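Listed after this line are the structures, all set down as structure tokens.
Across the two complexes that follow, subunit A remains constant while its partner is subunit B and subsequently subunit C.
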Partner chain A sequence: MTAALAPARPGAAADRTTFVALAARETRRFAVNPVFLFAVVMTAWTTWDYRKAPANAVGTGNWYPWIFLGGFGMMATFWLTRSMRDSEPVVGVTPTTLPARTAALCTVAIVPFLCGVLTLFAFLHFHPAGARVYGAFSPPAQVAVLVGQIVIPSLGGPLLGVALGRWVRFPGAALVLSLILFGWVNVATFGSLSHPDSAAFTALRLFSPFAFFTYMNNAADVTTWRGSPWLFIGWQLALCATAVLVALLRGADGRVRFRVTRTLSIVLVVAAILLVLAATGGFPHAVHA
Partner chain B sequence: MMVRSMLRAGAWPAVTGVSGAAVVAGGCGIAFPAAATELFPIAFTLLAAAAAFTLDEPASPVVDVTPTGPLQRTAIRSLALLAPLAAGALLMLAGALRGLVLPWAAAGLALAGNVVLGFAVACVARTRTGEPGAPASAAVVLILMTPTLLPPVARWVSTFPPSGGGLSSNTVWWTVLAVCVAAVAVSVSGRPLPRRLPGTGITIGRDLTS
Partner chain C sequence: MTASISLRGAGRTFGATRALADVDLDLEPGVIGLLGPNGAGKTTLLRLLATALPPTQGEIRVLGRDPEVPAERTGIRRRLGYLPQEVGFPRGFTAFAFVDYIALLKEWTEPAARHAEVRRALDQVGLSDVATKRIRAMSGGQRRRVALAQALLGSPPVLILDEPTSGVDPEQRVTLRTVLAEIARTSIVVLSTHQTEDVAALCERVIVLDRGQVRYDGQVTELVRQAAGRVWLADQPDPAATVSWRTGTGRYRNVAAHARDGVEHVEPSLEDAYLLLRGELPDSQPAKEVAS
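After this line comes the complex of A and B, so read on.
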């Protein structure tokens, strides 16, 4: 039996080398960005400060990594992406295409993602899974809730910042969007407070990059809301993929544009399915304990 | 003639766009009254960010050397503050008509304080750069959102009524207004603020003979 091997495209190795070099350079720029460093310090401080928090404050403790690593991470990548805009006439004539440079920018999200993972471990160290404050979820589902609240937003926020930086010229766009998202999470959550059994309000609460799954009125009354934390992670990852694809769409042409557009439409359909499944999964009604 | 052309050159898309976003956020607070105390501060913060864009001047290298002084330019551009102020007043009126229970006089003071703070930071930053909008709005948003993001800070200081513990919202905003008026007065006086040349340690813009 003979096998015919197609020779590797000579430019492929060079493209890979260029991409790795670009990704390393962007990662270095991101890691020393003052906004990102501020976010890391604040995340560490709030996690440490809430280590002995009373049980009903643990829910708010999960909120800080999303705000700092996700929100401020988004601002940092937005400014990082925009910082090259003025150099575009020079950089634009190099052999590296805009989608390749965008892909290199997207890789910097690994840094806040790893910070999110470390924060999750620290949070679980201070507030071990199985505690009553996590509601009626099983211990693995409790970890899934924390992953959806701490780790995935740390990845998604910076990716959204890259997409925003590629498409929006307004310099304050990341600030405005972070405030709007912060307000939206508040609005989307308030419905579940008054109507915990409502399917519509559950879907509204989960139609967001961050969601609470429990509510603690006092130490004796923990309400576990409807919705599947596992499928919510799937929805969040679909949002992350959407952000990457939207960012890559800028400057893509020909075959690359066709592929990105087709993948984007598939991801959007998957995201919609995952949102519906996340809203209908989990407990059939709110559980009070 | 000059007033019209100076106003036309303003960053109106940024000012009206961010004010529009504030109206959306505040409108959600009016639609969901339970969330009003969370969303109104966000709306007011966005209005402060909008105010920070009123002094953006992309043609500053040309404009800054014309005989029109900074006082006159700033006075004309301050008319653009009517946009965020009107948006905030509209939100408060809609909230009052909807039956929201808030101390409206204190909320009005907070609105004025937010907008003037954004403008004052932009005035100070304008002495260094032609387009202070982005950094000034970022600084203002960070300052104003701190009590919302960090509950320990909210125990010491309140930026939106009803006040919790610590300094009341009224005390904070009267103080901020006084400081902002002084900062604006100094920044438009025409005396360049000292600035350091990057990497040299040399300070320019300061009269060394006196």
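After this line comes the complex of A and C, so read on.
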């Protein structure tokens, strides 16, 4: 007997076509995830609620987007990544490789990223650049601060969730990491408040992906901390790229593994350089306004 | 070109445990039954064939491709349907959504064609009427059929099935036999099961594994023929029998290693032949009397 060696389906599509279709499917699954929907609603509500609270605008109001879009977004992508774990015996022998599936999962971060962009516009609408609450930064640098605080965490949190989902078995890993980051940001923030010129707290703050650059010390005094918001965005983006590459490493073999490892090495070096530049750039010392 | 699978000295170890050793096989289109006791290496062999696991010794070629080379492995997977022994399902998925998701991973990117193929596969396993039901709300047999449906997508040239009829009702088992027999006209179907009646009904060829090695590889009819004259009915269990058990009629079915005269011989079944083969293997100790 003979059997045709034709593909198992008519007209085999290119890998790219499969990737696009899979990315669209995963994005739809993410967009209707109850955790993510809750995050979107809470982000919208808190942004609206803080529209008339300029004294706390930068120091408090923009905590919420990164908590909800970043932290809850991380939990949602973590769940999405793990959702097929039990089906891996079937899913794992399809022609779509694990790195390709991981890449498709990473694309869902576009959704919270866009939500972050919308939140940024809303925030700037309620608290236009140039307001005293932003401290001593120039208007473009003020926008950079907000991009680093609102938009990039909305992208980075979900990407970190994919990497966690691929590498960590513990089901509560995303929640634990969210709490660790939250605690870290608090420690770094309050440390910077009490020691605004401290190099140690600058390094600690910059190592925290959701760090601040300015804060209301009290109702009449704004402190702008040392460090460069522009280079901080670069550092954050390097962290996002690191999360993607670490996620892609899972299941990669042959040439793909070599390429991912090589790119990851380069990104880590770039990230380290950006961290140093972010810490040493900007104001050399805290500025009170 | 003939679709084929070949294994040469293939083996697999897990730490110090040798699950499979020195397996030489050539598989051609048709249904090939895989029998063996628990821990014989059946699932390991199927996982090797399905590219889910690399061999630690020897070589495997599936449709002329080497599963250890990433690009060739992907080529194999494009032509493969695999039903593992255990499949978990993601929360909230319906039968249609799950099979549709797998179809997407199998590169069915055009929605209309994919949906038609998913409906066809679900229809083959008799799940058309519950396609929109959540899998978690389904019975064990229905879940098994959902898992089987994804393996049947695209009528692949290689179909690897690990206990496909486990938990499936008799009526559906007969339907599935018809489906598999049809697919086997052009495809290699490797079927691992503990249901000897499925093998007897479907397979021309049977492979018996024991402790990671092939103990029998040949025609089902030849294996059954070897048991001729060694199976008989009696009112009492016969001390000379290797195995005996009480049947539904109240009489005892005796299966012995040696032919016996002067008894009421009956037509041996594949199960009789399998039990005899197991009894003849060194260190095998099948139960003397099996509960009916």
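Operating definition for what follows: the second predicted complex is superposed on the first by the 272 of 289 C-alpha atoms of A that agree within 3 Å, B and C clash if a C-alpha of one lies under 4 Å from a C-alpha of the other, contacts with A are read in each partner's own complex, and residues count from 1 in each chain.
Convention: a residue touches a chain if its C-beta (ideal position, glycine included) is under 8 Å from a C-beta of that chain, and two chains touch if they have at least 3 such contacts.
Everything numeric in this text was worked out from a predicted model, so none of it was measured.
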On the superposed three-chain arrangement, identify whether subunit B or subunit C touches more subunit A residues. C
Of the two partner chains, subunit B (first) and subunit C (second), which one does A:Arg25 touch, if any: first, second, both, or neither? second
Check whether A:Val187 is in contact with subunit B, with subunit C, with both or with neither, and answer first, second, both or neither. first
So, A:Thr96: does it touch subunit B (first), subunit C (second), both, or neither? second
Of the partners subunit B and subunit C, which touch A:Ile67 in the superposed model: first, second, both, neither? first
Could you say whether A:Leu179 touches subunit B, subunit C, both of them, or neither, answering first, second, both or neither? first
Taking the superposition as given, does A:Pro34 touch the first partner, subunit B, the second, subunit C, both, or neither? neither
Subunit B and subunit C footprints on subunit A meet at residues none
Residue ranges of subunit C touching subunit A (in the complex, touch as defined): 1-3, 28-30, 50-52, 63, 70, 74, 77-84, 86-91, 98, 101-102, 104-110, 113, 117, 147, 150-151, 153-157, 185-188
Which stretch or stretches of subunit A touch subunit C in the complex? 1-5, 7-13, 17-18, 20-22, 25, 83-87, 89-97, 101, 253-256
Going by the contact rule set out above, which residues of subunit B touch subunit A in the complex? 13-14, 17-18, 21, 24-25, 28, 32, 34-35, 38-39, 42, 45-46, 49, 53, 131, 133-134, 137-138, 141, 145, 149-152
For a test of understanding, state which residues of subunit A touch subunit B in their complex under the given definition. 46, 49, 60, 64, 67, 75, 170-172, 175-176, 179-180, 182-184, 186-187, 190-191, 193-194
